[in-house]
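To keep things clear, I will list the structure first and then write my remarks on it.
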Amino acid sequence: MNSFGRIFRVNVFGESHGESVGVNIDGIPAGIPLKQEDFLYDLGRRKAGAKGTTPRKEDDLPFLKSGVFNDHTTGAPITILFENNNTRSADYAKLREFPRPGHADFVATQKFGGFEDYRGGGHFSGRLTLNLVAAGVIAKKILGDKIQVNATLKEVGGFADAEEGLAAAIAAKDSVGGIVECTVDGLPIGLGEPFFDSVESNIAHAAFAIPAIKGIEFGAGFAAAKMKGLEHNDPIIDASGKTATNHAGGVVGGITNGNQLVFRVAVKPTSSTPKDQQTLNIASGEVETFSVKGRHDLCIALRVPVVLEAITAMVLADFMMLEARIPRVNK
Amino acid sequence: MNSFGRIFRVNVFGESHGESVGVNIDGIPAGIPLKQEDFLYDLGRRKAGAKGTTPRKEDDLPFLKSGVFNDHTTGAPITILFENNNTRSADYAKLREFPRPGHADFVATQKFGGFEDYRGGGHFSGRLTLNLVAAGVIAKKILGDKIQVNATLKEVGGFADAEEGLAAAIAAKDSVGGIVECTVDGLPIGLGEPFFDSVESNIAHAAFAIPAIKGIEFGAGFAAAKMKGLEHNDPIIDASGKTATNHAGGVVGGITNGNQLVFRVAVKPTSSTPKDQQTLNIASGEVETFSVKGRHDLCIALRVPVVLEAITAMVLADFMMLEARIPRVNK
Amino acid sequence: MNSFGRIFRVNVFGESHGESVGVNIDGIPAGIPLKQEDFLYDLGRRKAGAKGTTPRKEDDLPFLKSGVFNDHTTGAPITILFENNNTRSADYAKLREFPRPGHADFVATQKFGGFEDYRGGGHFSGRLTLNLVAAGVIAKKILGDKIQVNATLKEVGGFADAEEGLAAAIAAKDSVGGIVECTVDGLPIGLGEPFFDSVESNIAHAAFAIPAIKGIEFGAGFAAAKMKGLEHNDPIIDASGKTATNHAGGVVGGITNGNQLVFRVAVKPTSSTPKDQQTLNIASGEVETFSVKGRHDLCIALRVPVVLEAITAMVLADFMMLEARIPRVNK
Amino acid sequence: MNSFGRIFRVNVFGESHGESVGVNIDGIPAGIPLKQEDFLYDLGRRKAGAKGTTPRKEDDLPFLKSGVFNDHTTGAPITILFENNNTRSADYAKLREFPRPGHADFVATQKFGGFEDYRGGGHFSGRLTLNLVAAGVIAKKILGDKIQVNATLKEVGGFADAEEGLAAAIAAKDSVGGIVECTVDGLPIGLGEPFFDSVESNIAHAAFAIPAIKGIEFGAGFAAAKMKGLEHNDPIIDASGKTATNHAGGVVGGITNGNQLVFRVAVKPTSSTPKDQQTLNIASGEVETFSVKGRHDLCIALRVPVVLEAITAMVLADFMMLEARIPRVNK
């Protein structure tokens, strides 16, 4: 469904070419300073416009519709609305005929019986990640300054240098994927909840809500499958829990162990490649040549880091509030 | 927390060396034939005893404590209990002194203030995957015969041939990791729920509850990050949604597209390696040489396939019941 | 928290004198005809303006911000926003000094540390029942025409005749309470979910979210406590489950039994009485005479029926979708 | 469904004449002293055997199957099992023919297609309240000594004196209902969560899970509907929030206000009256004379107080842990 989190509870809504997209966030403590300006930096990082991103530019101004009073959170649910001003729905009329490969067009029609808002991907659009970024801004405030969440591009189109990968994509006139790594420093020991709400479980859950993510790994990740036990184990070297290596990526038994949290996600190439594609024409029932029009990112991975930070902050803020709930008997 | 699922709702409990482990499952329709024998095949597949697995053998008999009457489900919650008969807790007394690298010992003590049942990993133990397997048996019944969930070992210790990988581990006297792949055939189009309950989100969530899983990827997964759009896109070739390739792994926009669902998980090497390790002695505050006693698997990945099938079936059964709830207007 | 329901999931937000109030509804099937006009009749029934209700009149126009396309639901979450145009916040400045008896002013300040939006009751205001009425309109569409939800005033200020009760209140220059009864005809047998989601549990849960409700009873209700078993029992008289009497109010074992669902709620007198009151002056620490200004209903019970219908329809729609999820083996 | 609560999360299971009834409780902090003996006092208060209660006596010994180690909670889910030793299922065979008026027999068969465990009411049986009492014992420990929950019989069969009411029932050879009042002293201000999780909402939700409850009212309750505003309002008389009267029953705006929490429930007469009844014979399709055999309480209200205390403690413990989660910025 469209909500996530237990205490820090996020509900997203909206469609790419509908009237608006937005997010409703419940469970936020009262008294946190919050105003429109606080969102602009991270929203700007997500924004299109750089080389390799879509020419569609929205103002992306977050309107605070509820839950904020005198520039502070009130403890009531916060609703943030983004208007859709810059839509060109005519681009999408053709999609009813040619469900775009890699997109949700076909499954959405099957699932929602043709009633879905198909324009620009509708509710499946990457535009809804605006909501995640906005929620992430609030989550980062709950984490505070000591906890630093930082996501960066590690690879674009197979190149460690993003510029190089992008240049290759532009040269090939095709879209490319990438890898984004997220690290978190300053975490306390003990976040995460057995059995089903491990740190990995909840971060992976939220990460796979980001369109185009197809894999996630923590610490050594898939490389761990080729390692031996002695090599992979991280020896604890002091009473604070610091480990000599960090193959676990900061999570043991699903619980933060006080070391840096590290994970990576695989981002598939943008499905809307500029290249001609072969796919089914629903009307004719034949496979035909099809070309995606509209404005699209060559490499969606470029816009993923701030979104990945956002969902990570959301999950961690939720865990921190869950943990705080329990006045441990021995504390 | 210890529950998972929206309609097919699983609650796990128990400790490795406590009195029992068990699972409570709510939301199961009435009238499904169910008796103890139905569980034995999958429980047997999970069982220790093969080369590379722990010598600890429990009977692993599932006792149906509620929710079943006249060998059918009643619609009331089903509780299944497994007794712990074959425990050697003395093995674990030393753990209080040496928190085992790679295990939850250290974080558990920090999180639960020393009150956790530390014997054999307690509530963090892989023994709790018995509960998942049991829940999976019921989930598979809900999926029915047309939907086939099948998980297999793809790699052990870096070798595609599991026997070879295991032999290398035995020779090296060290534990090894592995890769397990799960496929599902026969799925209808349309399972999965935007925005946060994508098929990938929910499967990843449940998969990371399995101890030792450190990565997951769907379809082409991490390889997709190096592909170009035209190469990665799966052209739709007929009105049933069949695609020419399956780089998406059967999930587009988070929704099943009617093709084979495919994903892989990375399993880290068993943390309880037979080798000597360096780690902190809590009492002395010094890093010392430590050797794990007790009975352990050399390669925990060997026991993962049936568990991975189980969580996959759980997630899919939940999605099927969620989907069925909605009498679409146009149907 | 601010959400309710399992499948038909409602999230309310907003403040009385903030920018807006609104509601986000998840879980609605695609393909239900829905446009702004559909809401006006029920919103009009809730509206102020009749004798005994507040002179504050908002346009109460529902703006559909998401989830609707071509005048049909899309299957994506529906967001409905109401603007607050007609606020007089100056009326409420004094409340910081005199927490109004019967209102949430005092507890809100304690709970939210003074950061709450105190204007007009803020998030505690009866204005948020707009959201419930809007959600109820959609819920009624899911119930369909065969299921009729109907709430009526049974008593105002102790008089069975509402006009009479209101006249007495106006004469006394004091506010009054009332009793509202809700009936539902046409329900199928079998709605409600053991153990914790009985029909009574979920309706009571939602009903007590309506400000001013202080009691609820089903069927014979409190009178049942004085009855004998033979008198109270409703004999089943045919295979459809029809009973000779209906002391159970249509619910047995927490499950609908196919007879008319009947329940009543007690509405306290509007706390904002026109009369002078004695209460604490926070600044002086003394009990002083206080008089509520602002515009208020003499009898809030007059506006409760349509709200009670709404929450009833919400709960029943949720149960119907929960029930539909289960393809009973024997059906 | 069979779970309740957000942090203090209770899952009940079992059937009256099945193998066992039990409860799984998640979210309990580690380090709370807990052993079998701690449950016996409250379980004893619920026990049958006094005048007016059923002659069926079970040992009602709670077996702690998980979550407790060295006589303390571990932070893992706690499972408590009660065995059913003293069942006489033969008594119930006839029920398939005559669905008992007032019982869930008829609706259960309709809902679960005849697969329900019908013996002794199965999953609908009052025997499941054992689970609530057990959960309540743990909840009371979380509340601590300063918060006192106390429920008492206020009325039996219309008599304020329970003995008198019971004597009248015995004389009439019929079952009777009653009224139970619950008070809580020592509560902090601020428990309860807008908009849907008011104190009244959550207590009512849980209370209506207790079989035979047909009404609930807080403070003045239904009497408030006949009062005027000035009379009903509780003037605040000091900075601690103390009020001169307590018509609100300690809850304003759905939030505890620091005064005594007071509410009452209406308990219907036991449906299994010793008197002959007229009801449908399913087989013949005719209304016939029917007489309930088996062992039953004449007045189930006698056993309600400890159960009502339990659900109240559960709800309040949940609220306290929800409240504690939030490190208010201004604290």
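Should a chain be cited, it is by its letter among A, B, C and D, assigned in written order, with residues numbered from 1 in that chain.
The rule we apply is simple: a contact is a pair of C-beta atoms (placed from the backbone, for glycine too) under 8 Å apart; a residue touches a chain by one contact, two chains touch by 3 or more.
In UniProt terms the chains read A, B, C, D = Chorismate synthase.
As the structure is a computational prediction, the values presented were derived from the model and not from experiment.
The greatest centre-to-centre distance from chain B, using averaged C-alpha positions, is reached by C. Contact count check for B-D and B-C (C-beta pairs in contact): higher for B-D. Distance between chain C and chain D, defined via averaged C-alpha coordinates, is recorded as 25 Å.
Centroids of chain B and chain D (each the mean of its C-alpha atoms) stand 37 Å apart.
Distance between chain centres (mean CA atoms), chain B to chain C: 44 Å. Those residues of chain D in touch with two or more other chains are numbered 1-3, 6, 12, 30-31, 76, 111-113, 115, 123, 194, 328-330.
Taken together, the chain B residues at the contact with chain C in this complex read 6-7, 29-32, 76, 194, 321-322, 324-330. Listing the residues of chain A that touch chain C in their complex gives 1-3, 9, 11-15, 18-22, 24, 26-27, 30-31, 64-67, 69-70, 72-79, 81, 111-113, 115-117, 122-123. Remark: chain A residues 1-4, 6, 10, 12, 99, 101-104, 106-108, 110-115, 121, 123-124, 128, 155, 157-158, 169, 172, 174-179, 189-190, 193-198, 200-202, 204-209, 211, 213-239, 241, 243-244, 247-249, 252-257, 266-273, 275, 277-280, 282, 285, 287, 301, 323, 328-331 touch chain B in the complex.
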